[in-house]
């Protein structure tokens, strides 16, 4: 499904369910994709951080992406994360993603190595030249430990290297400046980057991002409650900001499930991913809530907390 | 002017104009306070970071605060920053501020030393007990290098140690979680902290913060264009979010003046403070745009950039 | 006592004992100074971070410095920390220190505010011009959150703005580069900065720093066991590196007392300072091991751990 | 070549020379290995950060490792870096390395994802169980953004999960504490971890690390001047610390070549790797000094600086 216009709307980063053998549970993944598409999401982001892409072997990545593309079946576009340390390795993933039918690529700046804005620009340009798919920059300093500057993103947007930005930097002020520089919320043609798409990964401030002029959102919590993110998005598009904010508040309350795992015992990442996956299991979408090794699994008590959060949000567990 | 209800609205952090001798120019400061109050702001924050408080001697701090209080003359409340490394030193500033007529205090967590949430709690409690004025916590990790957790702020709010929070952490998602936990945008009584005031220092996302339920804003740029922040605030209170966003966009464009000083030559802080002060000089509000030693002054070329930004925003220089 | 040659040797950062009323216990402080000088230390650093300077009011700082100067009585030079956010405030402390008889000043880069190398250079130059005492730069990124570059230190050394460096950056490789650039371990005239003194604050690698060509050490643990740091220094000066390393190992074991306070309950800083002060109390040097508010005091169990470390090091408690 | 005793000595992290086509130049790599082994190094670390491992495809990694193993030909042990984000991906590299004949593995903590000490322990244990080769932990916070604690390393050493540590954390004090806890410089049996090997990656303080009791060094600069690192090591083993320090000083001066590339134009990493590789080209060891895409190449002026550093060190370019 080609991206002929700026990508807009709710684009969840799809979780990767595992079986008890630690391999990708393609049946559960297909059900998850169905759950998302049926809820009205506007796109899918496969192999993003929420997919535990950093824990997947190349084979598992291919299995997951193939399943998402096949199940989406052209109903919504599929963006594929191509997460690796530098250009040559990322390009290899990008070629696989293209072959498997991804509609667009999402790549970070180089990581593990120290890098530089001039090197980051070469990285995105080299990748764009190597594989002919729309390319989104993934700004994720918490993982790659550098921040894409507004100036760099704008340059790469205006020269058409980038088709969009997935901003998970948490720098909402910086994002606002970028949006204004690109033409602002009313400047939908976005000057020299008319089809550039800006997606926020800040799932707790989506109403704000849409008010500011962002095109959409990539919410990890959207795996669990895609319908509410769609309602939030629809309210925003209709200009009903009070309603958008009310939906956002409800999602903020639900999001508190990510605190289920105690900090003394596991990373914040494992707690968040584990709670999303256990919620999907409790809701009957996937068969198993386990996260990838070596992440610490949630305890029974933590899972009970997740269940309580679901009930409080009117999403009663079926298991 | 006592704070009998949650403080709400636009509360600019007042700049400190200097004379050519490097001392506080009280005449210019009084004019600046008049400029702000006449524009309809709802409070004044004296001796905040934007005042260059870290550069002021104790005598200069007293002169500046005394001038702000005297000129405000009870028309709006005056919050006083009490910025120092730990409790005993902060308490000394707080006693001075109380004697000079401040209506509330604003204090950070301890800095220079490494600290701990339990120590930060003791710090705020000890300060609140020592000086009987409403106390705002100032969350400013870029300066103090620790972040106030939502759990800690909530605990101190519910026990009435804190009357409010000035959030300059840039963590909009975390702020949203705090607001929701305290009762949300519609929960104006804020549960166990009914009069707790939440002010954002993120001057580029004020529409978003107000939509989320924040009570007001402390914008450094509000020195230069207080009237537009008041319009933004009024639009938000009226539920006209599209208009609020449009005012915010205009202010984002004006804010670009902070880039006037080249990064190769000065800190981002000096560039921002210098541009605000030069703008005030160009607008005829203060006599001199100089910043405190050892900050690098803006070049003539940089000042010309500031003037251009003012003109573009419809605020033509009179000098 | 004027610093006519590069300062060399063991220069402990003197702790500040408090009475049960929280005020400086000048009797205990005088005993501590005696304990240090009698052990053969080569200088004293008053009002350094280990003194809890960030917790002391201006009056307490003056009391502490006056006591150290009076008790030292010219037997060893006294360096005075002048710790505050920026130049004007630091200069005020420097004038007080000069009046109280300090032999040299120790100042950090500006903190709380963001700064820039050009502004840091102005800061040190302005301070040096304002107060006519030898000036040491205190490189302490953990507190001030910027690092003094080797290029900047060298420039300020060669122009005689700086008389020395107290390096607590933990960047031993960078320090090695600076020493080599200044003439190296055999280049005692240090090229264009012939009397520049380099003191390390890294108390666990003093043998290494001396082998590299550092002039001395400022060890917090030196409050507790000054004699062993003097033995380490003497062994190094005699070229007996194996013996220097053995003394260092013994001190590394003793240093483990800093872990006495649990991380869940207090900052690492409070645990370290509390253990040093409790050790001094156990050894009969000071009357009270309490740290300044709002630091969390060590529990009885933690104090018992400190006592065990002392015994293991052959320093049996007398209390 | 099995590691029957703790690995000791100079173990350079071998650079990966590229041809003008960007592929591994196996002829140059073999010459480089010969240059190192002939200089008396005690081991080789293939696929470390200095090899640009983060820039190499899986095929290029295999080619490089195979070339190093084949050329070393059992004369010295070959350690293989297995650098990837988490356990499953690292294990795949480890299996390849074992098949290609590596004598030991070197793995970091998980990166890109946020992690936790308990998860890091599971990671190393899982890897050790999956592939039966001695395993070194690679402590490299600048790349992976977490630090291995001394407590964790000690636990993994004493349970024989780890055969050694390659410490590139720059935390020399922490390393000293670890060495002392493991038995110290004279405690060569190292208590419960009798064959544990500690290698420092801090190439500017090798004399200090050896004095402290480290077993050896992994110096990137050792590609350029392996013989001097061997002389440094031999002097240290002979207890001639003054000579060791003099050799270290010479190497510190040579190391200044890493500043050849201007910070405004490239990352510090590209400048360092580029200078090492250009030095090898100038010395006639490799055919081409180019670094991997998207790193910025050194300018002719920068290469001239490298050449000057070589000449100053008595290593005159032959090209």
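A few comments on the model shown:
Order as written gives the chain letters A, B, C and D; numbering starts at 1 within each chain.
Everything that follows uses one rule, which is that a contact is a pair of C-beta atoms (placed from the backbone, for glycine too) under 8 Å apart; a residue touches a chain by one contact, two chains touch by 3 or more.
Since the model is a prediction, treat every value here as computed from it, not as a measurement.
Chains that count as touching both chain B and chain C, per the definition above, do not exist in this structure.
The chains touching chain A as well as chain B do not exist; no chain touches both. Seen as a C-alpha superposition, chain B sits on chain D after a turn of 180°, to the nearest 5.
Comparing the contact residues of chain A and chain D by number shows a mostly shared set, over half of all numbers used being common to the two copies.
A separation of 49 Å divides the Cα centre of chain A from that of chain C.
Centre-to-centre spacing of chain C and chain D amounts to 35 Å, using the average Cα coordinate of each chain.
Interchain contacts close the chains into one ring where each touches exactly two others, per the touch definition above. Pairwise chain contacts in this structure: A-B, A-D, B-C, C-D.
Interface residues of chain C, counted against chain B in their complex, comprise 49, 52, 54-58, 60, 83, 85-89, 92, 110-116, 118-120, 122-123, 126, 142-145, 265-270, 292-296. Contact residues on chain D toward chain C in their complex (touch as defined above): 170-173, 176-177, 180, 184-186, 202-205, 207-209, 211-213, 239, 241-242, 245-246, 248-249, 252-253, 255-256.
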